Amino acid sequence: MSILVDRNTRLLVQGITGREGEFHTTQMVEYGTQVVAGVTPGGGGKAVAGAPVYNTVHEAVAETGANTSIIFVPAPFAPDAVYEAAANGIELIVCITEGIPALDEVKMYRYVREQGARLLGPNCPGVTTVGEAKVGIIPGNIHIPGPVGLVSRSGTLTYEAVAALTAAQIGQSTVVGIGGDPVPGTSFVDTLRMFEEDAETRGVVLIGEIGGTAEEEAAEYITEMSKPVVGFIAGRTAPPGRRMGHAGAIISGGRGTAEEKVRALEAANVQVATTPAEIADFVDLALAAG
Amino acid sequence: MNLHEYQARELLSQHGVPVPPGEVAASAEQAEAAAACIGGQVVVKAQVHSGGRGKAGGVKLAGGPAEAREAAEQILGTAIRGLPVHQVLVAPAADIRREIYVSFVLDRAEKTVSLIASAEGGVDIEEVAATSPESIVRAHADPLLGFQPWQAREVAFRLGLGGAHVRQFADIAMKLYEVFTENDASLVEVNPLAEVGSGELQALDAKVTLDDNGLFRHRHLAALRDTSQEDPSEVRAAQAGINYVKLDGEIGCMVNGAGLAMATMDMVKLYGGEPANFLDIGGGATAEQVTAALNIILSDPNVKAVLINIFGGIARCDVVAHGIVEALEHVERRVPMVVRLEGTNAEEGRRILENAHLHSAVSLSEVAELAVRLVTGDASAPKELPVSTSEA
Amino acid sequence: MSILVDRNTRLLVQGITGREGEFHTTQMVEYGTQVVAGVTPGGGGKAVAGAPVYNTVHEAVAETGANTSIIFVPAPFAPDAVYEAAANGIELIVCITEGIPALDEVKMYRYVREQGARLLGPNCPGVTTVGEAKVGIIPGNIHIPGPVGLVSRSGTLTYEAVAALTAAQIGQSTVVGIGGDPVPGTSFVDTLRMFEEDAETRGVVLIGEIGGTAEEEAAEYITEMSKPVVGFIAGRTAPPGRRMGHAGAIISGGRGTAEEKVRALEAANVQVATTPAEIADFVDLALAAG
Amino acid sequence: MNLHEYQARELLSQHGVPVPPGEVAASAEQAEAAAACIGGQVVVKAQVHSGGRGKAGGVKLAGGPAEAREAAEQILGTAIRGLPVHQVLVAPAADIRREIYVSFVLDRAEKTVSLIASAEGGVDIEEVAATSPESIVRAHADPLLGFQPWQAREVAFRLGLGGAHVRQFADIAMKLYEVFTENDASLVEVNPLAEVGSGELQALDAKVTLDDNGLFRHRHLAALRDTSQEDPSEVRAAQAGINYVKLDGEIGCMVNGAGLAMATMDMVKLYGGEPANFLDIGGGATAEQVTAALNIILSDPNVKAVLINIFGGIARCDVVAHGIVEALEHVERRVPMVVRLEGTNAEEGRRILENAHLHSAVSLSEVAELAVRLVTGDASAPKELPVSTSEA
């Protein structure tokens, strides 16, 4: 039940001895995630937050049965870490690293699929199945368990939306940050499909932003869904032609505007909120109606 | 990161793409000499990171050296769409028989690099896409193989090329793909790829945009950055690892995360205010970055209030709070400020602010509303509101 | 019925206007093969042996419904031709060209499989389903129809074996030359599997040679086959360490010898002939026993 | 095509692989000068396309320039396994702490490029494979990605390397892979990759074999071919596009196709004869090629009879027959000859031979048996047998 990660997730942390790797490993362990191993080449034999460190993913998987990996490795080396995970049988790879060149992302996307694995990210905050496992950097204490799945292209905006749901006493099943890079390993549609099939999830919140056509593609799939979806699009006031940060958020050639996305979602019967607080209101209504 | 036309031409030429001769000139004298050297009619083109140079008067035809000098005098030192022109490119005026558009782009939908071409070159491709989408031909590089010659030939045939032009076009397309992949580009565009008097295809104009994330692999290209074409505060921000885009409003925003930054701007607007900027301090914001961000925001004289919205994940609110307190001792200018901290170590962050006699708002709505009130001059903001102003 | 090609094969010839392309197109048409189109970039509008010539495979497939392609394109350009065929929905690609660099063959192998197509060759004589379709350069007049499938790594030795069967009045179902290059698109095992499933084939002749381990892999699969297999291995007298032609036939480090291969085949109950004439004798016995 | 050790070292060095200094010397004087220049103990190594140089006396240690001169004198001009030594490599004698074997090969079974490594370097890898196969580590390059750093590191750990050696080994392995793919190699081998006194890993010996089919992309490498290391008749054959391998028997064979050529040799042996060569005239054998092939076969003084076996597919028997008739007018030496033509245009081919008073055999068995009889001196071969001899 729930999607992507749960109680049975056996997590490997790649780049576990780095500053971020170590900090967030502790946070994940505190949340209750089963962190079974870490990998840092040359760091074999150490331990971080109780997890043994290995030199290679091969060794880590052989020794601990890890099935999921999270990557805190700097951008120039992160694709290599993703490939190592995928080649060694890891089923879900969550890549937190930002700043990976787009041409590397093209290859990562293709290779991980070929290996029959799933990539979440890169440049994403990870995934949390509330009360079961946190594989990422989303603050653990903002969640309460419940029936709403959430999927977002954004990092901190995801937290904002979760906090709004929690403030309204609406619990979450799984919260998924797919990342805002040009070639994400997992799309809105991939995630919506999982939520549609998940027995624990009764409704979904989709947090989009300007740029690209991911929200439009999501809208197309949503018309086939049985569960209600509530939307939110960041960047309604962003001027065209200016790239809003690393998020790949840019309105170019009149495409990728918030208006277009809102229109596409509304055409798919999605209520689109204008403030985070309104997300909670719309979800309340949708669940009551459902 | 954008390259200038003359830099893009040189890059293409290094990869074997046929580019007509041309010289960069930083003065009217140099332009005159370049025209004399090239001979005949020349075209003088502003080197500026902006489209629509022609319409803006940045491209002029000159009959000879004297006219080239005159044209350069008219163009150099002006601004096109707000960007200063420090150099012109002097190139022979081509006898154009046919104009083709061809580019390689990072294609999000196809999740690979795609070629886009049209037989209607020489004009804005977005206009072509809007008015005659059927004239646009696309082909996608397979990640295993890269772009292949058969794809380039097929595009050539679809564009209606024949005879030697098919081979020539295919050869040029393969080289443009090489330019793209070997330099981590996100756009390599030739418009027009023109059939000139000799019958040969030549790249008469070139635009190259590089993937900033790939620059660590191409130090020599990173060195080509012309910061004169960017807002000075955006340049400073980039150097500090901060994403900053200057806008026209009065409320300076400091947020962690691009999505939340945009949502914060949207909220400001919703409450009737106008954001002065987009600013994402990035993942693990340090005290130095907060200080830098604050100074960048305040360097905009339009800024009348500052809104700080941090939802900590990688970023830790205690670090941010320390940064704010420290920054306030060093900032160049003082304006009212509202802060909202949430997420990782938020409570400790709020305590730090409190100890420095700064209070924080509890929600995004609240902090946006407060920021707008500060600017709209509602000085009667009730004291019990958790507003922290650093104004003297 | 039969394998790989038959009456319904709609053949496209890539490089049809070249010397070899034109000669063998005529030969294939004379055999009765449905040659529906040719491709030569810039040759669009011509015709060869009655087949219209197109500039691109895309056009040829769209206009003629070609489903199989044969490639007579020089080595430096042959991989490109294979990719073009595979990308445009051709199901079987027969690459006659020899001299293709091995690193290109690695990519050809991978790409064609990914496209869900099959590559035969390169550096192979092609395939003939006797009396139905000849897609290759095996002389048509040496065959008679019958129940024996033949698969070979070699070119002219294939003809020799077929001629020996025909001389003994043993007819053939389909004759397949898989080619002798280091990375062939179709292996012995692939072909044996097809013969095993083919209702028209009652027994199989396998013609191997020294070098590599393709025959050993075949022997392993043959143990699972219900149909009798007769073998022949060329190079029993070849000295170690010398490469016998383009065939990649080399005994190195004591591996890839004829003895090893004969031993492996015999262990799989394959009768291994020492002369082409003996192949026919063994097949006769095997079919009589079957 | 094989490179000499000194050529392979240079190629590796160009790609950044650490290779100790070394100089090629074609004379004892040059070797002496090289040793003086390098200083200290040196090793003098025969440059020859053969393994087992050490056992054959082709590698000598020298205490200084005089000894190096002496060593070079002893090595230069000799032959190792039949191959002449025209050059020696003079390199510093290394203080070896540990020897590793590492190579990249084209891996038929995996259908990609694979790394093979062993901690037991410095000895014959095939011996290691036979005696302690568990010490051999393999890793396969994915065609989409190429060999990746994680694979190189994993191999390093499996070899028992630690500390800085892991990074060094990975770096060297990545560069060797680059040497392989950028030059269309079929083998790139370093044995030993040694830890020397300084603690650094260095490629002390290197072997590179290139894929002949890839040479058209690497003209500069094709130019490195040292034909002195090949049989002169094999060199001539290669220039004519013919695959020829000289053997020790008396029956010269001319066949189309490698498989049929081997089968023909097997048949000759089966009938009690010994083939003088393997010869595949290739696909579209022309009259010129047949002439060239015949001359190459006859240049071997051991050849007492010639067997021609052509089964036409791409090759057309009429063309071959014309070639035979023409060749007989130009061959340098005359020996008995038996011919068998089958396949495409075989009847026309046989007619052409008949017109030139040459008859042909009808089967492989027959032609092999006849060839053997000719050599074993069965001069009483009945006239009605379709034997064509060109003997005067």
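Going by the order they are written in, the chains are A, B, C and D; count residues from 1 in each one.
The criterion applied here is as follows: contacts are C-beta pairs under 8 Å (C-beta built on N, C-alpha and C of every residue); 3 or more make two chains touch, one makes a residue touch a chain.
Because the structure is a prediction, the values reported are computed rather than measured.
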{"item": "Chains touching both subunit A and subunit D, listed by label", "value": "B"}
{"item": "Pair sharing more residue contacts (C-beta pairs) when C-D is set against B-C", "value": "C-D"}
{"item": "For subunit C paired with subunit D, centre-to-centre distance based on mean C-alpha positions, whole Å", "value": "27"}
{"item": "Subunit B and subunit D, separation of their C-alpha mean positions in angstrom", "value": "56"}
{"item": "Where subunit A and subunit C are represented by their mean Cα positions, the distance between them in whole Å", "value": "49"}
{"item": "Junction residues of subunit D - those touching two or more other chains", "value": "143-144"}
{"item": "Set of subunit A residues in contact with two or more other chains", "value": "107, 110"}
{"item": "Graph class of chain-chain contacts, one of line, ring, star, complete, other", "value": "other"}
{"item": "Residue numbers on subunit B that touch subunit C, as the complex places them", "value": "142, 144-145, 148-151, 153-154, 157, 162-163, 166"}
{"item": "Of subunit B, residues touching subunit A in the complex", "value": "106, 108-109, 111-113, 126, 129, 143-144, 181, 184, 186, 211, 213-214, 216-217, 243, 245, 247, 255-263, 265-270, 275, 278, 280, 282-284, 310-315, 342-344, 363-365"}
{"item": "Of subunit C, residues touching subunit B in the complex", "value": "41-42, 44, 55-59, 77, 80-81, 83-84, 87, 107, 110-111, 114"}
{"item": "In the complex with subunit D, residue positions of subunit C that touch it", "value": "20, 24, 27, 75-76, 98-103, 106-107, 109-110, 125, 137-139, 142, 152-160, 163, 167, 180, 182-183, 207, 209-210, 212-214, 232, 234-239, 242-249, 253-254, 274-277"}
{"item": "Of subunit B, residues touching subunit D in the complex", "value": "143-144"}
